[in-house]
Each structure stands twice: as C-alpha cells, then as structure tokens.
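Shared between the two complexes below is chain A, which pairs with chain B and chain C, respectively.
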Partner chain A sequence: MSGKVIVCRCEDVTLHDVEHTLARGYRDIEEVKRYTGFGTGPCQGKECLRVVACLLAERTGVAPSAIAPFTTRPPIASVPLRLLAGPGAEDLTSARDDDATDEDHGMAG
Partner chain B sequence: MAPRDPPPPTPTATPGPAEQPALPARAETVVIGGGVIGLAIAWNLARLGKSDIVILERSYLAAGASGRNGGGIRQQWSTELNIRLMQESVALVKRFTADLGINVWLRQGGYLFLARTDTERGFLEQNAALQQRCGVGTRVLTPAEANEIVPELDVSGFAAAAYNPSDGILFPWPFLWGYADGAVKLGARLHCFTDVTAIDRPPANDAAGDFTVHTSRGAIRAHRVINAAGAWSPEIARLVGVELPDRPVRHEILSTEPLKPFLRPMVSVLGTGLYFSQSMRGEIVGGVSIHGDRHTLAMGSRLKFLTTMARALCELVPQFGEVQVLRQWAGPYDVTVDGNPILGEPPGLPRFYLCCGFMGHGFMMAPVIGKYYGEWLAGGKPHEIFDKWTLARFASGQLAKETFIIG
Partner chain C sequence: MIDRRLQPSLRFSGNGPGALAGPGPGDGPGAAGQPGAPEAGTRGRLLARGEAVTLDLEGDPVPAFRGETVAVALFASGARALSRSLKYHRPRSFFCLAGHCGACLMRIDGRPNVKACQTPCSDGLRVASQNAWPSAEHDAFGVVDWLFPRGMDHHHMFTGSRAMNAVLRKVTRQMSGLGRLPDPRPGNVRPETPPLRRLAGASAPDVLVVGAGPAGLAAATAAARAGARVLGIDDGAVPGGSLLADPGHGLAAAASSVREARAAGAEVRAASPMIGYFPEDGGGLAAIRTPDALWLVQPRTTIYATGGYDQNALFEDNDRPGVISGRAAGRLLVRFGVRPARRAVVAGDAPYAAALAAELAAAGITVTRTPRVQRAHGRAWVSAATLADGSRVTCDLIAVCETPAPASEPARQHGCAVTLQPARGGFCIDTDAAGLTSLPGVFACGDVTGYQGPDAAALDGARVGAAAAAAASAARAREAATP
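Here is the complex of A and B:
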C-alpha cells in the first residue's frame, strides 16, 4: 500500500521511493531531490517540499526546522518562452544581472 | 523574482554528515572531488584491484558541474584524438548499465549542428571528413535535409548542418550513483560533506612519504592524491603551491515543461553556444552562451540568460513560443585555452595527479578518461593523452587545440 502513496504529484514520486532513498543512505534534501526527482516538475516543490521535509524529519529524527529547503530554481511560476523572447525583455535584466549581486553565492546554485 | 538566490543550505542541518564513519588514517589513493571524473577514476582503479581509495566530496554528490549539465554525448570533434576517445566513451556508455547495474537513459538520437556562414560550413565539412576517416557516420546536410530530421526548425538563414546519428543524450545523475556504488562495492570509501582545506606535501627528507590531506572532518594521509575538483581544481592545486591555468566560467541552462516526444537529436548552432535536446522525461533542456562574463564560481541564475535563451529558441523553433519554462540553473565550465583537459603530475610534484579542465564536455569524456587513468595508475602503460594533455604544455606553448566546442 505505501508504494501507492504519492508525495510528489508532478513527478509521481511515492512514499516508497523516498523510503528507498533514505535506506540507501541519502539524507540531505538536495540528494533526495536528485535521487527521486521530487520537486522538479511543474509545481517546483510548492506542493511536495514540505511533505518530503517532514518525512525526512520523521524518519531521521532531525527537527523539521533544521532542514533547509532545496535551492529555488527561477522562474517562480512557469512562463511561456514567447513572453521572455518578446521585445523589451532585456530591459528587465540589467540590475538583476550585475555579476556582483550573486558572486558570493558559491555553492548556492 | 527574488533579487538573489537563497543562501546555500548548511550541510550540517541534515543528519547525513554526522552519520558518516570517521575518515580512515590513510589510503593509498585520495580522490578530491566527487564529480563524474573523480568517481570514474575511482571505479576504474577499484576494478583493477587498487581499491584502497577514499573520495572526498565537499558537498552532496552531483553538487558540481556533473549534476548540472546537459547530458550530451557526441563524437563530432576537430581532432582525431578526441574523436577516437569519444567513440570509445560512447561504447563504454552503452555498457554502463551492464557494468554498473543502473540505467543512464542513453538515447542515441544524434547531434545536429547548424552553420550560418560559409566559413562555418567549411568547418563542418572539414571535420566531417576527419570524423568519417575515424569511422564516425557524420554527414553534412543542406538546410532542407536538416529540416527532414527536425521539421520544426526554421532553417532560413542557415548554410549547412552536420549530423551524426550515433551521438546522443543521457541522464547524468545515475552515472554518478552508478560509479559511486560500483567503487564502494569494490572497497572504495566515499565521504561527502567533507571539505578539503589544506594539503601537506610529502616530507622533504622522505621521497616516498605520504601527502597529508586536511579536511573539515579531520586529516588523512595518502600515497597519491588525485585533483578531480573540476572548476575548483585551481583552488585545490594552490594548496600544494601549484598554479593551474584552467578557469571557471558560469554556464546557465533551463528546462521546460514536458512535451510529447518529438525531437530526436541534440540541436546546436555553431558560434552561439545554443544547444537543446528533449530529455527522456519530455522536457526541452538546453543552454546558450552569455559572452563577456568574467571568471566566476558563482552559480546564481540570471534573467539575462532566460531572455537570451528564449529568443534563441523561439527564433529557431517558432512553435516553442507557447512552451513554458519550468526551471533554470547554472554550473561551472572548467575552461582551458586550448579546449583540452589537464592530466598527469605537475613538474616536480610526483604522485599528485591532475584530472581537470574538461570544459563543457567532461561528462561524456569521463568513461574513457577514467578507464585510461585507472589503467595507468594501476601499473599499465600510460595512454598518449598523458603525454599530450600535460600542465607543462601551457608553459611550452605546445597546445593541442580542440576547436569543436559548444559555447
């Protein structure tokens, strides 16, 4: 039965998949994301991140507050390529894209 | 959109690191960097009986370029050496599932390179002839013929294309787990969340003495050290006083919503760094070069990339306009001036092995490089790459230029 409990609906990741990942020794939420693919579909983790974090906490005995979310991948919501390709799109970019603003993020990507 | 990426998750916030066994006091081989290169060497060494290996990875597996790339694998190159190596790598990738028991989702749908100018057409023709002499089935096509392979392309303005049907794409992550599990099963030990912070050279009075590698989780002695830290390799080399010439360049990449399978080859446009393919999950995955960046290990995502990429994609495939972008991320290319990697021991520092500078094609090279590195360190004859792709070539000017580079 537990094989049919879905924790990430976009990518069809089940409770069983997450348990299997933990059994293999992966503990970091970034590792669990990569091993199962959870959080990489259309909702980008908005539905599943909390569920998986709570599962990790429950199964590994770590306080939920100690589990940092995985790195957010822009855009916040999906955008059609047509809008990003349209005239004027480059006007949006300048301030954000100054290298100095994210130079110090190191592994944050 | 938030102006900044969130700060990096603190590794200690999760129980992974704390649960690991302590570092052993010594290993014959210490590999620095748990990317595809370090793991491929470790598995090959272990397979050949030299399994007293400790792999030190600062973060989780796949944190570096190996977890962030496009998964392309091609045999279209401008030098015979790279063509032949990549022919062998493709053969090794085909055996990966049998050798290592994990599916890497290889799909040989070809690589289609598009040329706009006559000079670029000449470049494709010359390289296709060399590739054919090596037994690669590359054909130079007219734009109309390219359109038969990918009908969705707007080929107006293009002069020619080159297509090799046995190139392809794979899913990078299982490669890392496959190599890591394979090496560990044979006796290697993998320590993630273990940051190398200092390295002592062997004592001056003891030519056969060990290196001491200091980490955030204690020190370990090593008969030999392999610097497989990718774009971070100059930082690691500096710990033993060696200056490396490779430099990190940020490359961004995006993934769209999944679409019904329609696109067989990886498509790339010469001179722009644009490439995209359809993953086995149906997403369009690809990137484009943003020129003029300074060297950086920063991996933040930029809107400038999204707009540049969106424009390039929509120009080439007008139907892409309605397709939604789901996510973007970035990773470092590990760039050398001649497009080839840096291997072997730096002058005056025996038993400190370099394996870095893999540009934007280290993933596909890892199987064959790992094989030859493993064979050499296990006592076999060194392959010619260890004579050609030395650190010394940068000082002597004997560069080995590879010009078939995307980006």
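Here is the complex of A and C:
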C-alpha cells in the first residue's frame, strides 16, 4: 500500500520515524523509545527491541556490547485484575476482616 | 466485520500415517477427519484437532476444532485481515502464532485485545475485529495511512491556531486507543478473586524452570532426575515451545518430552507465564499467572529457558497480513495440520529456513527461496513479493526466517546481565560454561542465551538442569546447617 517499513507493529512506528529520531540527535534506546513510542504497545518490545538496538549500533557506530536494552517491568504477560486482587495465602485468615472493611467503606460512602 | 473468501478448508484431511493429504486445492470442504479422534495429518504426525465446534464470527458461523486456536481456525476457513492497527489502521493478522507479537488482537467473548492465536476454540465463541469500520478488510480509517506516507512525528503536529489544536486533540483522542471496553457482565457480578498461592520456604521448589520448550523440558528432566523438586512453567497453551514449530519434531515429540519430564518427577504447567520478578519482595519472588490463580514462588534456583521471539525483517509493507514468521508457518503445518499457502516465499537465511522450505514443498506448496524480500504487495493479504534480485513473484505467503530474539525479559527483571549480540539474535543472557548467569543460583539455557535451535538447546538444557539441581542441593544443605 503505502510502502512503509514497520519497525514496531504494535505502535505503527516506521523505520523512517526511527531514522528521523536519530537525525534529531537522540542516540540512546530509551530516548528513541520515548520519542517514537516503539516498544510500548501490547507486545512490549518483543518484536522491535532488537531491531532498534541493532539499528542504533549500525547507525551511531556504538559497539553492540555497549548498548543496553530498555528496562522491562511487570507484568511481562497480561494478567486479569481479579488474579492480582486475590488475598495472599497467609492472609486467608484475615480475608473476612478485609470484606468487612470493604462494606464499611460502602456504608460510609 | 471480517470478509472471508469462499474456499475449501486449508486443513489437511489426513490420509493415514506416512501419507500427506493430496497436495493442491480441493482437500474437501472442512475435511478434517473424525471429530474427537486424533488424526494422522502431515507426514503421519499426530494432530489433536479435538471435537468440532462453531465460532460466531460477527454473526457468521465458522467451523473450528477444540484443539485449534481462534487465529488458526479463522485462517483455515479463509478469514484474512483480522483487525486494524493502532495508528495508521493498517490491516493486521497473526505473525508469530506463539502469543508474543500482538498482531492478532481481536475482540473475543466481549473482551478487547485478546490474542486470537492463544485462545482455544469453543462452541459459540464470539469473535470480532477491532479498530476497523466498516470491515477489517475495507477500513475507512485506513486513509490515515495515506495521509502520513512515511511516518508520523506526533511531537510536531501542532497547527498555528490554538482553536484548531483543540479540535485536533479531540479528534485524536476519539480515534486513539486500542479496542473498546469489555461488555458489561450480566448483573454486574463481581468476579471472584482467587487467593494468591505462595510457594516459599518449605513449599518452595528447588528449581523453577521458566519455559518448557526443548531447553526447559530437558533441564526439568535432568534436574528432577538429580533429585531436585522441580516446577516447570510455560506460557503456551500446549508445552513444547519451538518443538511445536519444527518439522523435525512436532506435537508428538513435544508430548514425549513433557511425559519424560513428568516421569522424572517434575511438575510441568502450561498456560502459566511468569509475569514478573520482584527482587525487593522478601528475598525475591517470581510471580506466575496460572489459569486459576496467581502464584508467588521463591525457588532455591531458577533456570531461564524462555527461548526466542520470532522477528520480522525490514522491507516495505513488512506488516502486511500474510507476512508471517517462518516458525509460524511451521506451527500451522506441524502443530495444526493446516496448509499455510499455495505459493510461498521463504525469506532469510536463519538455520531453520532450509528445513522449513523443504517441508512446505513436501506439502505441495510452490516455494521460492530468497535471501530477503524488498517489498510485499497486496491489500488485506499478501499477493506478491519483490525479491532481493528485484524480480516479482506471485505468492500468498511470505515466511520470514530471521534469527529469533532471546526472550530475556524475565531474566532481565531478575537482574541477570545481558549483552547485545546481533548475530545470535539480540540481547542474550550472559552465562558461564555451566549456564550460570551473573547472579548466584540463577541459570539460563537454550535460545535465550543466543539462538541454537531445538537440538542444541535440549543438550544445553540437560547440562544446565543438572548444574542447577546441584546448586539447589547445596543451598538446601546450607539451610539445614543454619539454625
């Protein structure tokens, strides 16, 4: 169709976008991420991190070993909130108290 | 809505062990063997298609099988573009078929952004496209793609007029975002919150193996045989990882490796990805999303055997549906018994490319090999490719065979050092000769330390599994000695 070369499929970031970012003087992988938004979509960089890292090494002349990946943060995979909201195993005994507090808030509200 | 071309099912009908279903068109509509019975499909491999069910694709019935995922069933019945992309509304369909790339997000069962390639088919399951109007194939918002032919610098998109900027901001906010909110639950029932399960101290595993592909399964088996209590987890619905994409292995080989690990005493759980590592939490906790609860695990030793993510190559319109990873083509063929194409271009020179091309050719597919593609052609699906030498070939699939990128996020969260090694796939976990990472008690093996392929990864896993078991045993002895 339009002939775009897509680097990050999730956020529709093109090769041209990355080159444009480098031309503006951004050199660090975190800077390129913040400028273009690559790696911030549903896949969280699984498909684009190595592409951009290798491009940076190639275009800036920095040795690959000197290039660090961007920080990865939980959750690595999507997780339903109801699983995160569960009471902890050792907190099971106090689960009833938590519910009571919840109700108290409801009544107060 | 999603347009479907009327055509016979792409599933192999399975003419018995050793025989490949007649190549070419006309395997018979929906011909997929007897429901419920495992079927001998491609080259006598076992396929577990399971019971026949019907999906509800925006009101349109689509035949499917329980053993298939939504993306595979839709592809086999001729559905093409599944949704549209976030910014330019470019057509999207699956790329990796392994739950990693985020290209196959659809609205499933009233929930947005569900990975169609990881969702098992069930009867009456409601499936719909996202980010498209009126259809994923002909989306009016695709005009944005033409308005910004090279890309978009959203930092410099303001107009001279404040009022105009306010209008533009409103329009952009309306258009941006991915998917729409979930359907409300009937009666607004509060979903139950299952208790977290904590495996620490006395209940902690000696060895946590993250990833149950060739390396992880071999590591789990070796560690369990050395007497360690082993918990193995995998993000896939079926454990096996790259074995399920490799023509030399397949579902039966994966099942046998899993049986071997379990027979040795290891616990192996599918559909249970590690979602994070929290080093600050009581000496470090791995959080694992199992299908019914969140587990917090504090193992004595950890082995990262997370394999690699399929990677795309850089060429014009490289995101066109029908451009899929070579291993995704392998998954269609090897795991699901679905013919990926009639005419395929196999691009790239990754070590697995030659075997894949041979397997596609053996399935009656016309195969063109090229070191790289310059451009993909076609609208909602690939129709041709311009090859490295400038020639143009008609095709309905471009299988991109790049070196997979090490899936190093869980290990990176743990704090393991990594090094960018372009020739080995990307950010590889640093290990010593015994598979030990930069952290004590934390090991890595297989493709996550740099691409090796399934056979080498299994050998690596066996070695590292034994080393981790020895380290765990030493840790246990220290615990016993401490009052």
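We adopt the following convention: the second predicted complex is superposed on the first by the 85 of 109 C-alpha atoms of A that agree within 3 Å, B and C clash if a C-alpha of one lies under 4 Å from a C-alpha of the other, contacts with A are read in each partner's own complex, and residues count from 1 in each chain.
Please note the rule applied: a residue touches a chain if its C-beta (ideal position, glycine included) is under 8 Å from a C-beta of that chain, and two chains touch if they have at least 3 such contacts.
Small disclaimer: the values here were computed from a predicted structure and weren't measured.
Asks: Of the partners chain B and chain C, which touch A:35 in the superposed model: first, second, both, neither?
Replies: In the superposition, A:35 contacts both chain B and chain C.
Asks: State whether A:61 touches chain B only (first), chain C only (second), both chains, or neither.
Replies: First partner only.
Asks: If you stack the two complexes on chain A, which partner ends up touching A:76: first (chain B), second (chain C), both, or neither?
Replies: It touches chain B and chain C both.
Asks: Mind working out whether A:27 is in touch with chain B, chain C, both or neither, as first, second, both or neither?
Replies: first
Asks: Quick check for you: in the superposed arrangement, does A:4 touch first (chain B), second (chain C), both or neither?
Replies: In the superposition, A:4 contacts chain C only.
Asks: Could you look at A:15 and tell me whether it touches chain B, chain C, both or neither (first, second, both, neither)?
Replies: second
Asks: Please indicate which partner A:85 is in contact with in the superposed arrangement: first for chain B, second for chain C, both, or neither.
Replies: both
Asks: Following superposition on chain A, which residues of chain A contact chain B and also contact chain C?
Replies: Touching chain B in the first complex and chain C in the second, residues 35, 41-42, 44, 67, 69, 72-76, 79-80, 82-85, 89-90, 92 of chain A appear in both lists.
Asks: Provide the residue numbers of chain A that touch chain C in the complex, in ascending order.
Replies: Per the stated touch rule, the residues are 1-7, 9-17, 20, 35, 37, 41-44, 46-47, 49-51, 53-54, 57, 64-65, 67, 69, 72-77, 79-80, 82-92, 95.
Asks: Quick check: in the complex, which residue numbers of chain A touch chain B?
Replies: Touching chain B from chain A are residues 25-31, 34-35, 40-42, 44, 56, 60-62, 66-76, 78-85, 89-90, 92-93, 96-97, 99, 101-109.
Asks: How about chain C: which of its residues touch chain A in the complex?
Replies: Counting only chain C, the residues touching chain A are 85-88, 90, 92, 95-96, 100-103, 105, 113, 145-146, 149-155, 178, 191-198, 235, 273-278, 287, 289, 293-294, 296, 309-312, 314-320, 375, 379, 405, 407-410, 412-413, 418-422, 425-427.
Asks: So in the complex, which bits of chain B are touching chain A?
Replies: Within the complex, chain B touches chain A at residues 1-11, 13-16, 19, 58-63, 67-68, 173, 177, 193, 255-257, 293-294, 296-304, 306-307, 309-311, 313-315, 320-331.
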